[in-house]
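Letters A, B and C mark the chains in the order given here, with residues in each chain numbered from 1 onward.
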Amino acid sequence: MEWETVIGLEVHIELATESKIFCSCSTAFGAKPNEHCCPVCMGFPGTLPVFNKKVLEFALKAAIALNCEIPKYTVFDRKNYFYPDLPKAYQISQLYSPIGTNGRVDIEADGVVKTIRIHEMHMEEDAGKLIHSDIDNVTYPDYNRCGVPLIEIVSEPDFRSAKEVVAYLEKLKMLCEYMGISSCKMQEGRMRADVNVSVRKKGDKQFGTRTETKNLNSFRAIEHAIEYESERQIDILEKGGVVHQETRRWDDEKRVGSSMRSKENAQDYRYFPDPDLLPIEIDRDRIEALRAGLPEFAQEKKARFIAEYGLSDYTSSRVTADIRLATLFEDAAKACGAPRTVANWLIEIMPKVLDDLGVAFENATIDAGQFAKLLSSVESKKLNKNMGVKALEQLIAQGEKFDFDRYLEDNAVVMEGDEDKIREVVRRVLTENPKAVAEYGQGKTKVMGFLVGQVMRAFFGKVDHDAVNRVMLEELQTGGQK
Amino acid sequence: MMGLLDHTALELGAMIARGETTSAEVTDAVFAAIAAKDKDINAYIGVSKELAAVQLAALDKAADGPLKGVPISIKDNICTNGVKTTCASAMLADFVPPYDAAVIEKIKAAGLPVAGKLNMDEFAMGSTSETSHFGAVKNPHDLTRVPGGSSGGAAAAVAAGEAVCALGSDTGGSIRQPASYCGVTGFKPTYGYVSRYGLVAYASSLDQIGPVAKDVADCAAIMDVIAGHDGRDSTSLRVKHPSYLASLTGDVKGRTIGVPEECFGDGVDEDVKRAVLDCAKTYESLGAKLLPVKLDFMQSVIPTYYIIATAEASSNLSRYDGVKYGFRADKVNSIDDLYAESRSQGFGDEVKTRILLGAFVLSSGYYDAYYKKAKNVQRRIIAEFGEVFKRCDALICPVAPSTAPKLGESLCDSMSMYLSDIFTVPVNLAGLPGLSIPCGTAKNGMPIGAQLIGARGADATLLDLGFAYQRATDHHRVIAGRA
Amino acid sequence: MTVDRDTVTYLSKLAKLNIKSDEIEQATARLEKILGYMESLKAVEPTGGDPEATLALRDDVVLPSADKDELLANCAERTYFAPVVPKVVE
């Protein structure tokens, strides 16, 4: 029998504001427990929420990018439930009048373009985190994350494969990053997904019973959890069993899912409009202004880079996969006039350099102007490639402190044009190493590497490697007769 | 001979300014009165001698004003930095907020020493001040009777001369009704005129802080201190407040006062009707015009109020879970146990009932039938008031259908307790200002209050009307024994 | 509207309140009485229209957070960095 997997997604994205949604505490990641808290985000008696206008701006941008309908008034509701990561015992969220409804977004998976419908998207505050101690058998609530602004994007059950889901998440990530509204760093929990999975016989109109797997925080975990869950359900149904509606968790280490609670114990959240927060009026002109100000997204940018800079399809998609990379490319390409070199360095050399330094690209500050100068010098052979790579290392490691002009002064190489200088040293090295020269004459061409090395050393590496090679070859073949 | 505490707050402020007495002397007199009288009245939960001493020491840094140096007492649901704020609940019996309510900041800046924290119904839920964890408050006019509630401590303390003036809060009549039962003046401002930041929430969309004092002029002077926009309260209104004190003219000529017939029907004590109608006639004699009006929504106000108030309360009070602050039950095995035991032991019966009611009206399947419907009725009430206020400057009606009941009488029948709020809750539902002024005494010797209701933002007009009445009559002084 | 024991039990679970079995009877009766009164609320047509006031927003500015010790001073049970609760399993 042929089965079809039906998937719907609820994606939580933390917005990249400086301060929390309803108080002025920092949203920065990684502070010690309960250091980014105040009476408001810890829900003290008598305290009140005051809404951060940046959250509205970011959420509106997202709603526009997802082609949502935006109401004239949007309202915050309280979602009531008890949990130790929720100090007020209600989450300020949206149910009755969310900021966006009936949106859609196109994705491409396996070369097929497909439209995913967005049921709704809303703004809400994040909950805290729980630190568990097995030794003392207790839990410590950490409220730092309480009040970090989130948008939740709820899709229709339009996905039929894990690949489509990943393509969609990548699209959301790209949109958010391009608009600068979220870093979407999954490892920091800035983007998380709940996955609703059901299966049905191919051709069936009715959906099967679905389960929800909560809080998946990597693309890999999402892919695996979906595959696991769909296989589990198919297995049950093929054996004549029944799938139960339930909430499930996913252990990505062990790659197994397990039941958390059945939906019969479903929470009754008693949503109602938050009386501490009045309706928010959304001006139509504002929407149009924000729409007009949306950035060029990856797809259009990719096409333009191919057309304007002559990049290949592959290179252009690599470069535009990340807004910061794309911006760095374009700024550097304009400054140094060698777009393909820039692109190659960005996608071939830079990842290795970053890797060696142990720096993530998202944390690196790379000045496009310095980078452009660097590449111009390599292009004009003022700097050999090795020295260029070293310069890039320093550019990344030193950040703003790095001064390429000074670096070039210190490291400018003996160029092709200075061939006489090179030849002089080559000849000296050959004279000093008669044994090696003799071996070369006997056909042991490998010794050439050694001899070139000697020359490079004499120049302290500041010499064009290709030029040394060429001169050395000439000198060896002519036996210094020239 | 007249004692220091027989003076109004403004009189004391003037005496302090003239050097006839000092702030320390008046504050000490308040502490002495508490020591002498509060065993019987139980108006206070705590006396804040240390805080007052700190304020007195820094008094010359405070801004000048007519109330500078005059001690004030605070209902115990208003947060005071470093001073216990209990809401008269076992739940918060040891709670010390690390912040001041916005009104406390303003009071400190204006140089009013805080004398103590006043008793009340637990979490402001009640109309008698009997549901306090710290024992019932007694009415100074008759210790066998309730002072009203929930700001019963505020009204009783001012009436008994244990406080010069006070801040209360009013969600459904909690300032006006106890003021009426105790023969003092109480004012509930327009919703959004006084910041709620630091007021422990009962029903957020209805709660408002206001003054309780010996007369309208004192209330106006306190409003000058506490009113104003506050960026920490999103429901705070951005309006320019006049000086309420300077706006008192006592001239009511040309004013039209509506008399809603629904408020003088069956179920209202004859004594109350007579006294309030006499009050209306006084206005007529002072040059105001009386206009009979109808308020069609009166049938609906009590259910509407209880649905909205309990829904919000059930959510507002969920934060008391034994984890971050407040009462925590011992010997619990799980997080759910910790929640349920802490809440069950920490809250009193009235609070628990209202939480259950609120949970019910919001629960799955009932939201539309109760909460949503109540919000629609509320909009209609607002609209109807809007129509009425096109034709008149204020309405006059009783504050409560009867005078203060005996202790224990209303707790037996919670529904009659709820019904006693019928004339006060519409004001909260519509966000209007409401003023309670003493207007006579019933045959049982208990004070009667008249209520003036104004359009939204008509606070100055309303206070001026009350001022005119108190300038023309002596009820507020006679009842307090100051005439 | 009739309120039964099950409703009260359900609500007390939602609200995290332990109502003892002998109290359920009383609570049920009280709720029924009050809700009965609320029944009298006749449906009215929503008046519709725009809200009377809209929300004021604040700038996205970080201010120093509160002192942790001060925030935790009211905890009945805590460690130096957080409140303590029975271990939560989920």
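Note that in this section a residue touches a chain if its C-beta (ideal position, glycine included) is under 8 Å from a C-beta of that chain, and two chains touch if they have at least 3 such contacts.
Note that the structure is a prediction, hence the values are computed from the model and not measured.
When every chain is represented by the mean of its C-alpha atoms, the one lying closest to the mean of all protein C-alpha atoms is C.
Taking each chain's centre as the mean of its C-alpha atoms, the one that lies farthest from the centre of chain A is B.
Once the centre of each chain is set as its mean CA position, chain B and chain C turn out to be 23 Å apart. With centres defined as mean CA coordinates, chain C is found 39 Å away from chain A. For the pair chain A and chain B, the distance between mean C-alpha positions equals 55 Å.
Shown for chain A are the residues in touch with two or more other chains, namely 39, 42, 50-51, 82, 84, 139, 141, 268, 270, 277-278.
Residues of chain B in contact with at least two other chains: 95, 98, 231, 234-235, 314, 318, 321, 323-325, 335-336, 339, 359, 363. Counting partners per residue, chain C has 14, 16, 53, 55-56, 58, 66, 71, 83, 85-86, 88 as the residues that reach two or more other chains. Those residues of chain A lying in contact with chain C across their complex are 17-19, 24-26, 32-39, 42, 50-56, 72-73, 82, 84, 130-133, 137-142, 249, 260-261, 268, 270, 277-281.
Residues 3, 7-8, 10-12, 14-19, 27, 30-31, 33-35, 37-47, 52-53, 55-56, 58, 66-67, 70-71, 73-77, 83, 85-86, 88 of chain C touch chain B in their complex.
Here chain C touches chain A in the complex through residues 14, 16, 50-51, 53-63, 65-66, 68, 71-72, 79, 81-88, 90, going by the rule given at the top.
Partner chain C is touched in their complex by these residues of chain B: 94-96, 98, 192, 231, 234-235, 237-238, 299-300, 302-304, 306-307, 314, 318, 321-328, 332-341, 343-344, 347, 352-353, 355-357, 359-361, 363, 370, 373-374, 376-377, 379-380, 382-383, 414-415, 418.
Only residues 39, 42-51, 78, 80, 82, 84, 87-90, 139, 141, 268, 270-272, 275-278 of chain A touch chain B when the two sit together in their complex.
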